[in-house]
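Shared between the two complexes below is subunit A, which has subunit B as its partner in the first and subunit C in the second.
Up next, the complex of A and B:
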């Protein structure tokens, strides 16, 4: 059997109730991440996505150690506390000690992340929380954890992530004007009665909720990629925020499909299946596919830019302030 | 290459469409996505986690028609660190019975096993068939019981009996066959235990110290009267303490133990450090061979099933520590 046949054989083994849901959960995560991701990129705060995704770890681990459960309310509460601590810490460093903004974020979140890792390893000694699952997720097993919803058996992760995606869209729609104004001109927004700091907090809260919802399946490291990479790719192609968010969601969905396909076919194509390697980690392959999608969008943009008149280039890039 | 990619897409796209149209519900999408992959139902599917659990399930279900055993972990894989893959999830999703070891041997599946049990799948944990007062607890493991129960033949026989009664509840028609298989296995366990015990007792008493890569041989040591030290703790995930390594080295050198052992499923770094340390002190210490601790060998090799593994391990240990291993030769049938 040739390697291509082996790869097709691997895909034939797909079942809707496992592989279908793995892709669906990945796509839902992409949609949930698209809203805060786009806003953070437009506000030039994509480093904050990195910060939040890392900083929720001590919150989650601490809540687990305190409560002894993996109840979503505890996890979300702990994550919120940690995200606030991260924002407050980096704001303090920035304002009081005049540390540069990215550096302040870097200090705050690496310290919190290290604390979180220590807590997770501490928790792992006693109970069933596993450091590598927190970092890389276990999206493969997410379809096996089902609950009854509307007469169907639906994975719990899919319901949680879909709820957060809907909440993100609703919040963005409700607070659209102040968020939009404060994204591009904070002075104007303040003069117009919108409070930029409050908008920062709303966007940060969206990103935190998304990280908490996704960390169990995608893992805390790969959530960062889902937040930032599709939004950056979409920004190369779109001038307005709404199409940018929609394109980001579409790119994230493509990466979810490509990633799971790659996870299943990479081992047979590389000839590793003879050595006993069956599938690669889906979360890892999704992150790699995000990079590939970004490269694809950048390539298409480079081709179209070449054919545009010189003054036509400005229209394709997002006007961005401050 | 490009035609292969085109064919992959041709396979994926209808599959995705099938997933979308069926709402990712139950398995009617096979017809669209994968013709001929799953034919008529092939009977009761039993999925076992580690290679030892797969072997136990095969033994207990031997000769029962319509029972299909699938193993989740490939041969030679460390069950403490084995990570879920999509193929494994697929296997678990169609399992009716899952045979696991329990006591956190399958460290990264600890989450998923109770969820499977809640969704109506029968989850049998071999360790739960063993009375709790026979569970061994290592001194430094925070009260965590030792999961390596298959190393004591009398306990593994209990596990087989437990699995037989679990299978009998699932499939009452063949209850007698399961019970007969378990009884035959228990008799084999007795014979293996006798032979291993006899061979171990030929090792000079001061050399009866079994040093292995991780603490997997506690039950073995207790059953056969040999002291056991692991360089790593109960799980291969735990770290090696430097102080622990030094005390171990002191003991090995003081007692003149000639060999320490590596394991097939564990990197041999820590054991190599021990051998180096002994050489630096001028003591003669060698790696005495490779033991099968948490995973069986490939099917068909001497350590490809539980009985072969026990005899193979005992032979390696007894030979390296200066005993007489002639009673363990594979030529003598035990069946």
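Up next, the complex of A and C:
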């Protein structure tokens, strides 16, 4: 069998119960990440996405060690405590010791992440949680953990991520105006009673909840990519936040599909199946697809900008964006 | 005394402000007339912006500050504040109309079903300042003068009785500054109190009704033509470097 035939054979072996749900969970994660990701990127806080995604680890691991379960309430509670610890730690370094903002975040979250890894290794005997799953997720196994919902068996991860995605959209819609004002002009927002500090907390809470929900499926490294890369790509093409969030969700969904297809066909195409490697990591391939999507959007933007007249009205985003 | 207080948009008495161990303002006392266009002038680091931020209740202070007859928290909706350009993220993905809408939301409330009304009022405000055609453009693509016009439109949409602008003419050319001053004068003529932190001393005497000279405290305040004297300016600026266009 040729490598191409092997790749087609790999796709033919797809089943909706497994592969369909893997893609659906990836797409739901993309939608859940689009709202906080867009806000963080537009507010120039991409590093905070990195920080939150890593800093929640000790909270999740600590909650697991304490409770012995992966119950969502415990996980979310532990993650929230860790996220607040990271915010407080980086704010202390920034304000008291005058450490530069990104550096302060970097110090705070790497310390917490290292603590989290130590806790995970400590918990490894508990079998339910292990370091590689923490880093790269286990989206391939997510469809196997099912619960009853509306008379159907649905993967638990899909329900959790969909709930967080819906909550993110609802919260962003509700707090849209003060978040917009405090992101663009903090001084005005503060003077006009829009409570920018509360808006910061809302955005941080959305990012934390999303990281917790996506943690098992995507892992702490890939979830950063899902938060930041689609939003950065969308920023290249959009001049307003709502289209930017929608495009970010669409780019993330594309990457989820492309990533799982790539994970299935890359091994046979590269001839790795002969060495016993049947599939690559879906989460890793999703991350690579995110990079490819970003490159694609950047390329389209470059072509479009080149064709625009240089008359002083050249836009900083694609003309169709608003 | 009561009559005086009723005519004052801002009444500041014995205001002290410090950033940590550094005292920025000490014993500042000034009344800013309602319905007047007032310039706050002084050298860099004199405490002009701090004075505005104290008025808006954005930093801790001791002393008394009354705005529109009461504490600032009782009248935030009636006060429009335009911070320094550097404090605004001009690359944030937001359109000119959305910026103007913020003013309407500040008045109508940040939550609730007021979107259509805010949109209509913001478009009217943008038409007032000559930016209706640019309503859909990202704010970052406008020139510095147009961006300040958008902020004036935001104040109009807020229907503010008091507008505080912190160095609105920074980084814009003389022609644009003149146009903006015309716009602010029009705002004043409608009955709005306009307070501007200003650096160009050459325009204060002719374009502003009142002036407040600040250097660590209020050196003098009153009608611009009376306050902008060589003696008071010398006391305000002393040997302060870079006060540029002082002509008095």
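Simple rule for what comes next: the second predicted complex is superposed on the first by the 306 of 322 C-alpha atoms of A that agree within 3 Å, B and C clash if a C-alpha of one lies under 4 Å from a C-alpha of the other, contacts with A are read in each partner's own complex, and residues count from 1 in each chain.
Simple rule for what comes next: a residue touches a chain if its C-beta (ideal position, glycine included) is under 8 Å from a C-beta of that chain, and two chains touch if they have at least 3 such contacts.
Since the structure is predicted, the reported quantities are computational estimates derived from the model, not experimental observations.
After superposition onto subunit A, the modelled positions of subunit B and subunit C are compatible, with room for both. Once both structures are fitted onto chain A, a short way to say it is that subunit B and subunit C open up an angle of 160° at subunit A, using Cα centres and rounding to the nearest 10. Put simply, more of the residues of subunit A are touched by B, taking subunit B and subunit C as the two choices.
Within the superposed three-chain model, A:146 lies in touch with subunit B and out of touch with subunit C [touch as defined at top]. In the superposition on chain A, contact of A:54 is made with neither subunit B nor subunit C. By the document's definition of touching, of the two partners only subunit B reaches A:260; subunit C does not.
Taking the two complexes aligned on chain A, the least Cα distance separating subunit B from subunit C is 34 Å.
Counting contacts by the rule stated earlier, no residue of subunit A appears in both its interface with subunit B and its interface with subunit C.
Only residues 42-44, 174, 177-178, 180-181, 183-194, 235, 238-241, 244, 315-317, 322 of subunit A touch subunit C when the two sit together in their complex. Touching subunit B in their complex are the following residues of subunit A: 3-4, 7-8, 11-24, 124-126, 128, 130, 132-133, 138, 140-141, 143-146, 152-153, 257, 260-261, 263-265, 269, 276, 278-282. For subunit B in complex with subunit A, the residues that touch the partner chain are 3-4, 7-8, 11-12, 15-16, 18-19, 22-27, 29-30, 33-34, 37, 74-77, 83-90, 92-94, 104, 107-112, 115-116, 119, 142, 237.
Residues 56, 58, 76-77, 79-84, 87-89, 91-95, 98-99, 102, 105-106, 110-111, 136, 138-141, 154, 158 of subunit C touch subunit A in their complex.
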